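Labels run A, B, C, D and E following the written order; every chain starts at residue 1.
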Amino acid sequence: MKTLVEKGWRPTLVLVLLFIIWEFSVKILEIEQWLLPAPSQIFNELIHGTDVYLEHLWPTIQLCIIGLAIGCTVGIVTGIILHIVPFLRQAFYPILIISQNIPTIVLAPLLVIWFGFGMLPKIFVIILVCFFPITISLLDGFRQSDRDVMNYMKMAGATKQQIFWKLEWPNALPSLFSGIKISATYSVMGAVISEWLGASKGIGVYMQLSQSSFRTDRVFVAIILIVILSLLLLGLIMLLEKKMIRWRPKEGKSHE
Amino acid sequence: MSKLEINHLSISFGSQKILDDITFTAEEGEFISILGPSGSGKSTLFNLIGGILIPDEGSILLDGKEITGKRGSISYMPQSHALMPWRTILDNVLLGQEIAGKRDEKKALEMLGKAGLKGYEKHYPHELSGGMKQRVSFIRSLLSPQSLICLDEPFSALDEFTRFEMQNWLLSVWQQYKRTILFITHNIDEALYLSDRILVLSNKPASVQKEFIVPFKRPRTEEMLYSAEFLKWKQDIYREIKQYSL
Amino acid sequence: VGNGQDESSNDSKSNDELEKVKLVLDWTPNTNHTGLYVAQDKGYFEEEGLDVEIIMPGEATAENLVASGQADFGISYQEGVTLARTQDIPLVSIAAIIQHNTSGFASLKEQNITSPKDFEGKTYGGWGSPIEAAVIESIMKQEDANIDEVEIINVGNTDFFTALEQNIDFFWIYYGWTGIEAEIRDIPINMIYLTDYSEKLDYYTPVIITNEDHIADNPETVRKFLAAVTKGYEFAIENPAEAADILIEAVPELDAELVKKSQEWLSPKYQDDAPRWGEQKLEVWENYADWLYENELMDKQLEAEKAFTNEFLPE
Amino acid sequence: MKTLVEKGWRPTLVLVLLFIIWEFSVKILEIEQWLLPAPSQIFNELIHGTDVYLEHLWPTIQLCIIGLAIGCTVGIVTGIILHIVPFLRQAFYPILIISQNIPTIVLAPLLVIWFGFGMLPKIFVIILVCFFPITISLLDGFRQSDRDVMNYMKMAGATKQQIFWKLEWPNALPSLFSGIKISATYSVMGAVISEWLGASKGIGVYMQLSQSSFRTDRVFVAIILIVILSLLLLGLIMLLEKKMIRWRPKEGKSHE
Amino acid sequence: MSKLEINHLSISFGSQKILDDITFTAEEGEFISILGPSGSGKSTLFNLIGGILIPDEGSILLDGKEITGKRGSISYMPQSHALMPWRTILDNVLLGQEIAGKRDEKKALEMLGKAGLKGYEKHYPHELSGGMKQRVSFIRSLLSPQSLICLDEPFSALDEFTRFEMQNWLLSVWQQYKRTILFITHNIDEALYLSDRILVLSNKPASVQKEFIVPFKRPRTEEMLYSAEFLKWKQDIYREIKQYSL
């Protein structure tokens, strides 16, 4: 708890400063509120408009947790397969790139026709967003195994599988988490975008409805909710990272 | 117990020939030391026996079967310690066994104790001194099940006393389980104290220049180290090496 | 897309004498905008001393851009202007491009949905706005049908044809574009126009907007702009085929067949029964605002007379 | 050249196979062409519709190269600053996350209002998309410097700057390239999205126009153009990576 | 030339005390060897002098100025070679100079030649043998400009002959530039051959248990190594060390 407070005060300070600057520039530059509402106004809506947005919260949370979880799994499995089968790696690399370059507006109709309007097409979109950074980071992590240890493993007769699980996998963990952090950041936004495929509840829906009725303050409430969700997810992942990569010397000692 | 035959082994890195027509045999249960100038190709020879390098020419036979380019036939201790930074010391020494299929924690703990590493079982490699890491790597090779052991300068970072302890321990393990040992060292005392035979390699390219059959009886004692005969042998070998160095 | 400067013109005025004016569309260019492209192509704007740049909006909406002064004019629709004004966004509608609402609920012919009563037991696919439900309820009420019998599914940005594939029975479209595309594809559909069931829902869509400041500061520009635009639409009304070609030439990425057919259908609808093209009636603005207010889709009353003006239309 | 052919045949094979399967499924399942056109149809449009899309190509290429270049620069500079000033790292991490969670529909009006309709707001969007994976990967790369070398540097009296340029920076290069690869993949899509902010030429415009007039084949032509651009960019980056990270033992020897 | 004073230095890792009240002085231009069991804390002592560890108690003075926790006062050769894999050998040996501000490529090339590394200037560390890497690291420390040199087992991976060459080279550099040298080794011969004084550390926690002032005159010769007096000294020191080991 202590470290949370210790670590937390800096970003909090910066955010508060940011909000203050924002508030004053809005006031001084007389920026109209439908364009960029003042933070005070947004917080007002955040506090008093709960009954409007609360029901939209849970579906998005659900969506992005499930999406990220499956996205990670897909990303990791893809990374592993592409790593251990070099033939596939070369053959499918372009397909990975293609998968990231198909715009949702094209994908959406296809997904809807194949999977209907339920959760499936939405989760598909989140997966598509999330798996890529994970796969790429993982592949790069695998390639950075220590030569000497690799040679030891081979001379000791380790099978490919053993080399993978005992050396390459643990060695790639830091890279993997680097990728997961990127994906987690995208996942909430991915969920919001996926809701534009057709959902009746969700932050994406809330945002679009607010947008079309010119309630910019509510659009910003939606953004705040998205950011909070992202930060929570990220915090979770960093916690997991700490649990899983325990051997790393404490930063305090090695860096200064 | 294994019999190792090295036949006419040659290898080059790029245009530079490193090993040139290396030939020798290690009998079952024999303890052979390999001496040679730094950079001559001793570690490369181990890499060939271990199967991660393929010779340009020649073959390697273990118990009559060709193992050229085949892996997993040796208990190996590399010159760099090659420990995994994310594994505790205990898990590191068990790695060789894990690869072969079975973990024997009890024996590992006992061995760690013998090597003066009691209390460090749950530590990570970065918390150990250089010599301690070397002992961990040494134990890992002892715990590996293959009966041909290849040790690449295993005691270079140890003080004389700890080194002596480790040497005696190695001898007792060797005698008890009758494993065949190839032992790279730069320490002539050590080579004489431990081995049945000493091979001296030349430099650039390396080939077996001389073979000394160590005459001392086993079990060997500390006194032997101070005997005149020992000193004579030592000087002989030193002279032999000098002529191939630099 | 249609960047007007390079259009040849017999007018000798050089470009720097022309007043630069920006116009933002509501969507990608389509036959709703034909008059604008005609005015551009035929040099009507230049005759009025204007140099008009037509901009596609993308993610920044026309309402935002016009309200902030980034663009001088924009294409919007009555609902947008109404909701914006109640949020104190000072938009004013200066001309109705089409006199009557051409939107309605489309369904496959085989579904046999010919009146709002037939909605019962069917599935509607929409984008989740509460206005949709209110509209459906309104027109169903005319026939004493119950909206609770309609299943409303949120299909987001899915288009009509995709939605049909997913067992959506009826869908809200503009006949002039999507309906024509259905004709081209040989998909027989039934249309239920809003205007046939509720006078209050006969709102203007689309409309040309500007902001209050612009009117106050540059009334002459507004007048000149509308003069040219009116000529453009009048041309399109009289020469649908030629007007369609002008649009196709300006935006070659559009499907030519669709544009031609759509133009043919839409040209007579621009002016329709109005005394002149572009004229707006107060009651239309009041009716729709009342309807929104009654249905609790808006929490303030609209001052309808401020939301639009016919002042700048040529006599 | 030889290696290009050697490496190229596998992905080409997979792509050709994919197209064949696609062609046949479209034919056999009688998928309507406005939903998913057959590859033959798309290629037909790709070849014969050049006069329609050619003029849209260059603005997008320009946009994404400039955007990626600035995005990389911003990403690297941000990474470096956050790394060498630990205070800022903690304080600004949340801001990084926030920057990735502001949807374009909110940002777009603000950007257009501040920067007009020129290239500026579009490049801003691409930068926003591209800098993030780079910064995150770089930060993770910096953290993985070898302890022993780090200690040597410190004991030798290296200044922070020297430690950075001589150790941490070269050490983070592989991670950096991992991030740049992810960003490069996103950059073309980012350019296309940015064109929805209002552009008169560009693949994004071409795609939107095609979409709204129900020309699905042209939408797919747009995707093919996007993918080709991405792959070219990526190829360029990999070439650069090879040039810059020369010391890595050849993969052939260490893996197998 | 520098005078180093170590005053009552103590440090613990976690709950374990590693160094306990270490006190000694190295006079200007003195050559001091440090012997001690593996894992006793020799490298830790260098880390303290180098300023990357802060002692729990005590202080370090160089030429009268306190350098506790201050960096950059020593030319350092770590026990692990700590070479940068992305730098060529030449660039690696120049690192110490780069940090201090000036590169002297000519001298570096000359030194590489002397160490038998001619032809490897443009190679990368992973292409070198263990002993060759060690020599690279050694040259790097010699090229560093600070006048206090701390060498942590610099020759452990070298064959006896190459080692002897390096020792002599070190002596000549030392005599020529009169730098103060702290030298960690496990080799008693080496310590006796090279140093003015030998400090023996005890184990867990380490403190200076004994100080031997080496009586042999300089320049020292190879014959000295086989003299009876040398042997007597060696046995004395060995006995001393033995008592603190394991």
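Operating definition for what follows: a contact is a pair of C-beta atoms (placed from the backbone, for glycine too) under 8 Å apart; a residue touches a chain by one contact, two chains touch by 3 or more.
None of the values given here were measured: they were computed from a predicted structure.
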Checklist outcome for this item: Moving step by step through touching chains, the smallest count that connects subunit B to subunit C is 2
Checklist outcome for this item: Any chain touching subunit C and subunit E at once appears in the list D
Checklist outcome for this item: Most heavily contacting pair of chains is A-D
Checklist entry - In whole angstrom, how far does the Cα centroid of subunit B sit from the Cα centroid of subunit D? => result 50
Checklist outcome for this item: Between the Cα centroids of subunit A and subunit B the separation in whole angstrom comes to 50
Checklist entry - Taking each chain's centre as its mean C-alpha position, how far apart are subunit C and subunit D in Å? => result 37
Checklist outcome for this item: Per the C-alpha centroid definition, the whole-Å distance linking subunit A and subunit D comes out as 17
Checklist entry - So which bits of subunit D are touching at least two other chains? => result 35, 105, 109, 113, 147, 211, 249
Next on the checklist: Could you pull out the residues of subunit C that touch at least 2 other chains?
Outcome noted: 64, 68, 162, 165
Checklist entry - What are the residue numbers in subunit E that touch two or more other chains? => result 80, 126
Checklist entry - Could you list each pair of chains that touch, in label order? => result A-B, A-C, A-D, B-E, C-D, D-E
Checklist outcome for this item: subunit C residues touching subunit A in their complex are 63-64, 67-68, 83-84, 87-89, 125, 127-130, 153-159, 162-163, 165-166
Next on the checklist: Taking the touch rule as given, give the residues of subunit B at its contact with subunit E in the complex, in rising order.
Outcome noted: 13, 35-44, 79-80, 116, 127-132, 135, 152-153, 156-163, 165, 186-188, 238, 241-242, 245-246
Checklist entry - Any idea which subunit A residues touch subunit D in the complex? => result 7, 10-11, 13-15, 18, 35-36, 86-87, 90-95, 97-98, 100-103, 105-106, 109-110, 113, 132-133, 136-137, 140, 143-144, 147, 150, 174-175, 177-178, 181-182, 185-186, 188-189, 192-193, 207, 211, 219-220, 223, 226-227, 230-231, 234, 249, 251, 254-255
Item to check | Sites on subunit D touched by subunit E in the complex | outcome: 146, 148-149, 151-159, 162, 166-167, 170-171, 173, 245-247, 249
Checklist entry - Okay, in this complex, where on subunit E does subunit D touch? => result 46-47, 50-52, 71-76, 78, 80, 82-87, 95-96, 98-100, 124, 126, 144, 146
